[in-house]
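We call the chains A, B, C and D, going by the order they appear; numbering starts again at 1 in every chain.
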Amino acid sequence: MKKIINNVEDIVPELISGLVKTNSGLIKQIEGTTAVVRNDKKFSETKQVGIVSGGGSGHEPLHAGFVGDGMLSAAVAGEVFTSPTPDQIYEAINAVNKGMGVLLIVKNYSGDVMNFDMAKEMAEADDIKIRTIVVDDDISVENSEFTQGKRGVAGTVLVEKIVGAAARSGMSLDDLAKLGQAVINNTKTIGIALHAATVPAVGHPGFELKDDEIEYGIGIHNERGYSVEKIKPSQVLADELIEKILKEFIDKSGKFAVLINGMGGTPLMEQYIFANDVLNELNDKNIDVQFSKVGNMVTSLDMQGISLTIMKTEDNWIDMLKEPVVTIGW
Amino acid sequence: MKKIINNVEDIVPELISGLVKTNSGLIKQIEGTTAVVRNDKKFSETKQVGIVSGGGSGHEPLHAGFVGDGMLSAAVAGEVFTSPTPDQIYEAINAVNKGMGVLLIVKNYSGDVMNFDMAKEMAEADDIKIRTIVVDDDISVENSEFTQGKRGVAGTVLVEKIVGAAARSGMSLDDLAKLGQAVINNTKTIGIALHAATVPAVGHPGFELKDDEIEYGIGIHNERGYSVEKIKPSQVLADELIEKILKEFIDKSGKFAVLINGMGGTPLMEQYIFANDVLNELNDKNIDVQFSKVGNMVTSLDMQGISLTIMKTEDNWIDMLKEPVVTIGW
Amino acid sequence: MRLELEEASNWIKLFAKKVEANKSELNELDTAIGDGDHGTNMDRGAKAIVESLSKNDPTNVSDLYKDTAFAMIQKVGGASGPLYGTAFLDMSKAVKNGNIELSDLIQIGTDGIKRRGEADVNMKTMIDVWQPISDVLKSGKLIKKDVKEALDSTEDMVATKGRASYLEEKSKGHIDPGSQSSAYLFDTLVDVLGENN
Amino acid sequence: MRLELEEASNWIKLFAKKVEANKSELNELDTAIGDGDHGTNMDRGAKAIVESLSKNDPTNVSDLYKDTAFAMIQKVGGASGPLYGTAFLDMSKAVKNGNIELSDLIQIGTDGIKRRGEADVNMKTMIDVWQPISDVLKSGKLIKKDVKEALDSTEDMVATKGRASYLEEKSKGHIDPGSQSSAYLFDTLVDVLGENN
């Protein structure tokens, strides 16, 4: 394993320290935690529902990179690929609560769900109103009804963007939770890997792929997918993933949003070539794409690969996606 | 070689097509070229000196990702790692010329210098006033006086940012060229690689490094550096690179700007850990850092590695670096 | 049978030691069907327990379990932190107003895990060790063979909760990592009680 | 000696063929001391030349050289595009008002490269083939041995221009890729002239 790090145990505090040092006007660290909270003037002057997200580290810029006016109020970073602890989440809730309540955006992993739940119980004991939405956009796991359910992956950032825009405009906690759940229901993602990630504490890639193989349906923590196949041209990959995702939408009319997400080790060049193929194919299929975004948003350490997220939007979601925000990563 | 592409010959047009499709409010393609030009309302309504940059592809988001209000007016993309041709550059010049002249920002490679020179000659034949600045921030090549000179690398983006801000504020062509040259003189970069890039037409990494080796002083086109050593902790790397760069500045007082640049295959996590070490060390050395930025700005395909750029600023350069811009990549 | 402070304290410390010694083994089990960090997580928790106990030096079993719970909750994260944390927190509350039977105590911990994890037996989780051990204690003495049997039973299960559930059928044929760490907990309990408890 | 349209046209077409056939060899040379694309670049240029000539079917040598120059300038990029392009553009201008001596023509092309590249002999660039060939032509007939000698002379040079110059001393021991493509140009010139020119 070759990584630009110091001690493996210091990865998260050092990462947060680097983030905060290079963006001090935007975010600050919550003392004694690896959580960050907005540090801009507008934040201290304006009342709104607090939006808190978080999860294991290794997905940068998610989540800390999406803290700022119009997106998250605070983000809590756990150890690499490990949910943060309830006390840290509780601190973040306290740091953003302005009396209008706090919405928690959680990715659907048992660890995250449980730790955020415990933090919620702690905050409720202080009479803070809390609502939780659980993102589960990954459609690669079939039969998910009988299990933990689907995973939360790249679609999370679109949820954070829309909910963040609505919170900025003054929406109430209950309405935000309702909106967030509607967005989640309409957001579908699937990913492929060319090369697995190397978890620093493990020291070798989570799984092995041959020189001409890719894996379909991977998660963002090296969870293996549903099949290994030979690499194909970008165009074919785009067609396959689109077909799989579109099956999830019964009604294909209306306005759609698309996210092409790099997994960390795949350069922008490939992401844009893939984006070109995706948009061409969606256009051929008469899907009306009104918003699209490309880049490393929800990564998996140094994994090489991409994911495709398609969202069927309602109301003014497209406008909310397009609203300018001040964050590191959007 | 595993890459998400179609035909190797179609990489650049498809990449540009993806970029433009996903950012149509911001940039548009100049017909018949792989150059892009600003497409925002303000561009068509405001007069300013045109700022054109460009170079080989494979460094995304550079340059097209920095086209927008406050940075570049247009960017010209050549084949992978190959300078664009003069006719394309000439088209870009024509697309941005509003009568106040056009500044060309060129990285110091003989191909780029010559092709931009020819485009300049073509435009001057049309009575367009042209000035050129040549970025050569890479300090890894010693004895550069006797050769082609130093290479232009990640510092280019800081030059584009400051010159772009000044152009937006209405600065004249001659003053912009003077400013740009002053910025270049004060900008120093050095990079390391953990893994070489794979040029698609070649199909294998440009050079081989062992599992515990890194190469110091690499260029952004797989140009080899000055030494191969064992990987070290981020802190040690930061100290070494800083020491090497600070030697270039006689006067270490004043305000400094810092860019930590990912080479394409290195995740943000490592970049921020490295940034933390860099800022700690500069702080210990009493260097007054007033601006810092972290991210994949000037990449080298899928190369794993980072570069460190330090700039000694003058006048209001820090403010110009901090000014908000509307681009894909800044 | 009830655990007094000294026994309970020995138990928790032995458990922490066992976890630290078997960090890599737990990571390996979790690499096969999870994300490879159960050992790292539990090791962080074990160290936090040791630190907390030596700092607070709890003077009753309720505080002992509470310190254990807080150390797990605040330092582990992931799935195992809240699960062990909830078990011990519920156990702490239960013994607050007077010591209770060991078999009741473990059932209370088990119920905490079930509630927190929204899970039950046969889902290939640590519950598949906690519940059988609780049952054994109710009907008599606990020996290491009981622990081993419970642990081994997870091997052939298909996971329907936790990270291993994404693997569906492919989760079969592997011991559940959380069940292994729970087996360490009950092995060390037997060590404290003696095989003739 | 002057090149008439048919000879000149044959020359350029043979050169394009030779380049296409040796694309990988040029890439390999450029991988050693450059960025590995000289073959890809020149091949793109060669294809553009062929296309342009078949489309425009130039009726005089000036137009022939101009079409060649434009194809190189517009399709090659990198360093070699402007260099070959400038050489042929200057040659086109020179023959516009009447054909000139071949030795003068090649010297004009060489001067164009020197001007564009701000370079001279002994810097391990294509100039180290163009200039010696130009000298040979001035003093008599050109044979392939002359071309080979000029090409081989680049092997021991240290590059001070172009991408290879970043390698400083390490650029020694390798043939310069642009000199190799230039050697193809002059080898095919000999083919057109015949070894007894």
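Assume contacts are C-beta pairs under 8 Å (C-beta built on N, C-alpha and C of every residue); 3 or more make two chains touch, one makes a residue touch a chain.
Just so it is clear, the structure is predicted and the values come from calculations on it, not from any experiment.
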Chains touching both chain B and chain D: none
Maximum centroid distance from chain C, chain identifier (CA atoms): D
Centroid distance [mean C-alpha coordinates] between chain C and chain A, Å: 31
Distance between the centres, which are taken as Cα means, of chain D and chain A, whole angstrom: 54
Chain C-chain D separation of Cα centroids, rounded to whole Å: 77
Distance from chain B to chain A - Cα centre to Cα centre, in angstrom: 29
Touching two or more other chains - residues of chain B: none
Chain contact graph, described as a line, ring, star, complete graph or other shape: line
Chain-chain contacts as defined at top: A-B, A-C, B-D
Chain C partner contacts - residues on chain A that touch it in the complex: 56, 78-87, 109-111, 114-115, 117-118, 141-143, 146-148, 151, 199, 201-202, 206, 219, 221-224
Touching residues (chain side chain A, partner chain B) in the complex: 2-7, 11, 14-15, 17-19, 21-22, 57-58, 60-61, 65, 194-195, 211-212, 214, 231, 233-235, 237, 260, 264-277, 279, 292-294, 296, 299, 301-302, 304, 306
Chain D residues touching chain B - in the complex, by the definition given at the top: 27, 31, 35-37, 40-41, 44, 73-83, 85-86, 116-117, 159-163, 165-168
